[in-house]
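Here come two complexes built around chain A, the first alongside chain B, the second alongside chain C.
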Partner chain A sequence: MGEEKKEKRYKSGLLRSLWPYNFNVERYTYTLHRITGVILILYLMAHVFEIYHVALGPVAWEQTMALLGSLGIWEKIGLWIIAGSALYHGANGFRLILNEVFGMLLGKPVLPEYPYTPTSLSRNQKIAIYLIVLVVEALWIWAGIYLLWGLGII
Partner chain B sequence: MKVRIRRFDGQKEWWQDYEVDAKPSDTVLDVLNRIREKQDHTLAFRQSCQMGSCGSCGMVINGLPALACQTRIGELKTESIRLEPLYNYKVIKDLVVDLNDFVNKHRSVKPWMIRKNPEELEEAPTEFKVTPEQNLTFVQFDYCIMCGICLAACPTVAIDPLFLGPQALGQAYRYIADPRDEGFEERIDILDDSHGVWRCHFAGACSYVCPKGVDPAKAIQYLKKDILKYRLLHKKRASTKPAELVQKAPPPNAPKPPPFDFKVEGGV
Partner chain C sequence: MPSKYSLLKESWNMILMYALALIMIFVLTFHLLLVSPLTGRTFDQLLNYNYVLQNLTYYRIVFGLLLYAAVIHGLNGLRIVLIEWLHVKRFQWAVNVIIVILMAILLAFGTYTLIVL
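Right, the complex of A and B next:
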């Protein structure tokens, strides 16, 4: 029992990796990127399963459409969450490509001087993140209004 | 002031509270020393230089990995302090963690100068000059004191214990960026691996907590760029395993090695 505890790494694992509290804003973007990525994968799997019913004939397809229609507003809320996930994952993914493939927004290597502000997390990176949040929020709100308008609520 | 410490004695874990007199100018390490001197001599923690140079006193202070000797009580702005061992490490006792994996990862990226002609390291044909501009491209990453704090902050290390981690990758880049080093091709299979640079998703937590301003996240992104450029230009595929780790099986009809002779030549 004691040996088992000793071998275990302290506060490690999936939940710890997704817990950004106390850390920098980039770590929050990381968590959101992971979560939206999982949402998109689940959506794509469900979407492929939905499309697969076309091959089973018109009756199966109509039944699938009826099932989705029976979800009512929950279908629209689900679509809205998927739209938000796609917007955020795409925009933040673009920022990460700039960082990782082109080495942009990182600043140049510098001689560290107290209080040691890392250039990779400094002004340019923050501007990119807040710009992404702003654009994604605006488009997501617009998507929500569009869905509500489609339902005839507004 | 109330100090709450995560204890571990090899069998069980528990939180223990202490009441300590502390001034805002005291460091967390001062407080820990006071507890050990006056209240509880069984409390275990590492320390050495007490000035942010040795990297021994890394621990999690109020939820954020930091050096105890560089964190002043006044900076924390809290009524109590919560101290825990570094996240993502095996705990040996109380605030002392096992750094073996960490050191092995560091060693695995060959953090030393590599020359194509190794004899040059013993007898250099000429002085290897580095201009101040060239020095600036890697000196930041040379400031690493191997405290291991960056691995405690890294979300990828939390889910993948085999991930090389920001410290080792940062040190790999420190040597790759050095104009005197010629070991990029020797290191690339180690770095361009499923547990190498591509496991980093740039959460930046390593750079955020680094007590010496090393910015390992930046070094890792530069490494990714360099590796991509190398693969595109040289059209070389990454092997699944570094060549030196691939052990070739002996042929089936190979003679068996002779039994080991324990006799010491010339006697003891």
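Right, the complex of A and C next:
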């Protein structure tokens, strides 16, 4: 890669940083953690205003539910994406707390030597990541089945 | 290096993020269980006004804790994403201000909802 190209890549900002170029598994978890976090905060803002309608009485609540219901299958798809985001963000966040607060799952620190394998990506760390993916996938499929069941599709 | 526009030192900010995340792991799991099929209710029954009202009034303190933890953790997270994206002081100042305003609005609506029920 030429110097000019490298320089351009360093200045390319948020969107480029999300592009999965030369990522290891830890970098994928980091990127997905940020994406799911943004999805969840956008949902939270809408959810607080949705729940506010309970305070306005049953008529306002039913109107809000009717409005959301009019989205049809998109409401359920939206909820499914949010459920997946919450499951992943929570499970991966718990792993990060173990890593960064308690120093667990990390390899021993060593002097950086070529080919610069990150010691944080220890065997236990990889097991934790794959376990999270497995559990989140299973729960996400379960959430999907439940939402489709709510639609009367299954 | 701490910015003069920071509300807290970033190290304290991260401790706050971890503490709120730990609270949310328990409180949010409880909230999700209340709206899960494990309650034996269908999707439409879970959105019934009386069921939602009953949950919000009976578990008012739990939902209050969840509201404050989620709003502060979530908006602070969004702030971190944005200020790491663009290292321009004026932009970072604007992000801090907008996040504080958004936080105040969301907490005001959420607290009002929990108090008047």
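As a convention for this text, the second predicted complex is superposed on the first by the 133 of 154 C-alpha atoms of A that agree within 3 Å, B and C clash if a C-alpha of one lies under 4 Å from a C-alpha of the other, contacts with A are read in each partner's own complex, and residues count from 1 in each chain.
FYI, contacts are C-beta pairs under 8 Å (C-beta built on N, C-alpha and C of every residue); 3 or more make two chains touch, one makes a residue touch a chain.
Just so it is clear, the model here is predicted, and its values are computed rather than measured.
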Chain B versus chain C as contact partner of A:120, first or second or both or neither: first
Chain B versus chain C as contact partner of A:55, first or second or both or neither: second
Which superposed partner A:41 touches (first chain B, second chain C, both, neither): second
First (chain B), second (chain C), both or neither touched by A:102: first
Winner by number of chain A residues touched, once chain B and chain C are compared: B
Partner chain in contact with A:137 - chain B first, chain C second, else both or neither: neither
Contacts of A:90 with chain B and chain C, given as first, second, both or neither: second
Chain A residues contacted in one complex by chain B, in the other by chain C: 13-14, 34, 100-101
Chain A-facing residues of chain C, complex: 18, 21-22, 24-25, 28-29, 32, 36-37, 42-44, 47, 49, 52-53, 56, 67, 70-71, 74-75, 77-78, 81, 85-86, 102, 106, 109-110, 112-113, 116-117
Interface residues, chain B side, partner chain A - complex: 8, 10-13, 62-64, 84-92, 97, 136-141, 143, 153, 155-159, 161, 177, 201-205, 207-215, 217-218, 221-222, 224-225, 228
Complex interface listing, chain A residues touching chain C: 13-14, 34, 37-38, 40-41, 44-45, 48-49, 51-52, 54-55, 58, 61-62, 65, 86, 90, 93-94, 97, 100-101, 146-147, 149-151
Complex contact set, residues of chain A against chain B: 1-2, 5-14, 16-18, 20-24, 26-27, 29-31, 33-34, 96, 99-103, 106-114, 116-121, 125
